[in-house]
Amino acid sequence: MAEPSDAVDPVSGPITPAANDERPGARIGARPALFLFWLALLAIPLFGSNDYVISLGVSFLINLILIASLNVLIGYCGQISLGHAGFYGLGAYSAGILSAKLGVNPWAGLPAACVVSAFAALVIGIPALRLKGHYLAMATLGFNAILSVLFDQLVPWTGGPNGLLGVRPLTLGNFALNSQARVFPLIWLCAGLVMLALLNLIQSRIGRAIRAIATSEIAAASLGIDAFRYKLIVFVLTAGMAGLAGSLYVESNLYASPESFGFSLSILLVAMVALGGWGRYAGAIPGALIYTAAPEILRTFQDAQLLIFGAGMIAVLLFFPTGLAGAADAAARIWQRSRR
Amino acid sequence: MSAGSTSATALQLLFAGVGNGAIYALIALGFNVIFKSTGALNFAQGEWVMLGGMIAAAAVAAHADVWLGCLVAVVIVAAVGFLSERLIVAPLKRPTPMLITLLSIGLAISTKSVVMLALGKDPAGYPGFSGDAVLSIFGARVPAQTLWIIGITLAFIVMAHAFFERTILGKSLRAVAADREAASLVGINVRHSVMWSFVIGALAGGIAGTIITPLTFTSYDQGGLIGFKGFSAAMLGGIGNLYGALVGGIVLGLLETMAAGYISSHFKDAVAFIVLLTILFALPSGLLGRSEAERV
Amino acid sequence: MSETAATLLEVRGLACRFGGLEAIADLDFTVREGEIKAIIGPNGAGKTTLFNIVSGVISPSAGRIVLSGDAIDRLPAFQRARLGISRTFQNLQIFKEMTVLENVMVGCHTRSHCGTLQAVRRTSRSLAEERDIRNSSIELLARLGLFDRANEPASSLSFGESKLLEIARALAAAPRLLLLDEPAAGVSHAAALRVGDLIRELNEDGLTVLLVEHNMGLVMNVSDSIIVLDHGRRIAEGPPAAIRSDPAVLAAYLGEDEDA
């Protein structure tokens, strides 16, 4: 008896796969592709000509953590969060304050940032996720805005509008990770772990449950799935990841200021998720690439950047719901079909 | 401090609070109308407010009289609302609330950036309808514009009430808001209703923008904050409830002004956020609502 | 199924009001373990509302629901599912963006126990559970005749196939009581016959079935007992032969035609 082909691939995401979804035999699985891509990223510090290029690489990896985690929340769980930058900032300031103000070993900042952001998400999420409808969007927006006010006003702790100074770099013995090239491997490792964790999550039965909830909560409940619990788990988990990104940010820049973590960033992150392809695992990569590279490429047209993001987001949502990642996928399929 | 001046201060704050509250009520009304017809949260609402003020300022700078400038601005913003719906909602095969909410975010970003590119980053303003006149009412200093704001808002609310209660279009909008399927079964064109709700929402936003700008000035990046406050007002009154918009707006305006006056102006903006979070967690249906925001 | 079989589901004094409309009024009935019970009645009689109340989608205004002696009317829908109630939906709630196989695998969700942290770490135990889920789901698909469509998006299924998919998914949760909401509505005569055979097969394996259905041929063929609802009240109950000739039932159906 013939077996169905071994290609049940939730990584392609829940949004409208093509009607006759061909699974070409030569298609690379998600796991090896991720592994190869991650290895390739090491080229940045090895061949990067100067610190500036490497710092772009660091930014890309940190943005990837933010966008990939938000992508899972929006695309797989169907919940819009406009507070992701807030959790990012919470993580950055937690790690920064521990290092700069409390003299704690900077390494403790990384897990501390995750815990603080995750806990904040728990506090906000429990009431907000109980509500039907998209109130999480506004609740998180409000939460982000309150955090911005706090980052700005709690001057003795955060340094206020002038920013947090005096963050000490991470050290391995006597070796201080105080340059972009030196801190790159750590960030590369952390981002890789986050991407792997997210991949594992989506491909597991939990990932299926989450996608079921996003499509039809009623049907999911009729199968024994506790929708509220899973929404909360994903919300807390992704907030923790944003917190981790924040701690990595503060340790690579040795500085943090409130304007980096406002709700306009939260809104932009949502735009990046949509552009890359919400609900497609690989969508976070073009999303993060665009977000990191755009300011550089558009240097002379800085002002147009926002318009390109906004219009691009609308165009993608209307015409390419699978985003850039989906368009790349479709292009690859067309290419393979033409080769036969 | 004499008893006369504390009550004068209080009266002053009262007028300011009601004035701001009226603006929030208009914005909340815009939110509610679109929410009722699509189930989505319209993130472009605040940008429409900003747009109203910016266009009016540009018109006045081009030597138009203030009334004309405001009228032109309101018409243009309503047209923008119409175009927005045609562009982002009408083409959708499955207009789910989530998709429309996301699209409105894209719309908000685009609108903000177009204004920035076309009209620049500098704050803009113009004189009020009575110039910069300030009245003295029982010792309280009240800008004439504040009275205009309250008057115009009341007039708009009355007209909106008449529209929804008396006109066929208004009643069909209410029918769609109550039950889409039933409405389409009796022959109401649901898609058209959505279009009209966008026009009304933009109209409310545009009017709000044109009448507040003389007092606060405006710039390309002011849309997000004021839109958010309007949403808080809508939630406070009960999302989807048109009279809730009025109540929520006034209450929020008063709370904000009292907090700024009696506690600290630093945290003025935070009031709206705190109100929103409190309402979401303690009383999601708002002051007048009937559990629109149900607990699961 | 013997006359002395235990009671699986009991509904007592159930009532449900929507605004001014009384959808269900003072309804009592029981479903015995191992039986196939059908609920019939003219349109608007409250049948799907009843399903929604029993499965936990909506709350009744009054009444008790008891499953194997435990009151479940305070429990949320997902907990009732875990206690053994599965259902299909009249208006189809399949997960369109997943493949056919994944739809059924979601049904197996409560059968495994690895949590999020184990999923994220991809422990060998979570992988083993995943294999089990996959194999069980493939078997179910084969049983329902959907094996060939396993890797296709669920949105590509025909209406009749989608109904079968919902049944497969509901079965994946290994229920004690299966609520079928109009399983034969809108499908061909041949497909309706197959549905009837399927119900009998499942029942022979020990599954208790409660079904809402308009297709009288199917109902009469398959049911052990039938309840007739009209305007939210029970107007008759009994074996098919008795219901077929019950004057109150005929009046309810014919009466509706006369008014139309």
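Per-chain residue numbering starts at 1, and chain names A, B and C are given in the order in which the chains are listed.
One rule holds for everything that comes next: a residue touches a chain if its C-beta (ideal position, glycine included) is under 8 Å from a C-beta of that chain, and two chains touch if they have at least 3 such contacts.
Note that the structure is a prediction, hence the values are computed from the model and not measured.
Chain A has its Cα centroid nearest to the centroid of all protein Cα atoms in the structure.
Each chain's centre was taken as the mean of its CA atoms, and the one lying most distant from subunit A is C. Averaged C-alpha coordinates put the centre of subunit A at 33 Å from the centre of subunit B. In whole angstrom, the spacing between the mean C-alpha positions of subunit B and subunit C is 47.
Chain centres here are Cα averages; for subunit A and subunit C they lie 40 Å apart. Multi-chain contact residues, meaning those touching two or more other chains, do not occur anywhere in subunit B.
Listed for subunit A are residues 227, each touching two or more other chains. Partner subunit C is touched in their complex by these residues of subunit A: 4-5, 7-8, 10, 13-17, 19-21, 23, 197, 200-201, 204-209, 211-212, 215-216, 218-227, 233, 237.
Every residue of subunit C that touches subunit A in the complex is listed here, in rising order: 55-57, 76-79, 81-82, 86-87, 89, 93-99, 101-102, 105-110, 112, 114-116, 119-122, 126, 129-130, 133-134, 138, 147, 150-153, 155-156, 169-170, 172-173. For subunit B in complex with subunit A, the residues that touch the partner chain are 39-41, 43, 87-88, 91-92, 97-99, 101-103, 105-114, 116-117, 224, 228, 231-232, 235, 266-267, 269-270, 272-274, 276-277, 280-281, 284, 292-296. Residue ranges on subunit A touching subunit B, taken from their complex, read 78, 80, 127-128, 130-135, 137-139, 141-143, 145-146, 149, 153, 227-228, 263-264, 267-268, 270-271, 274, 303-307, 309-311, 313-314, 317-318.
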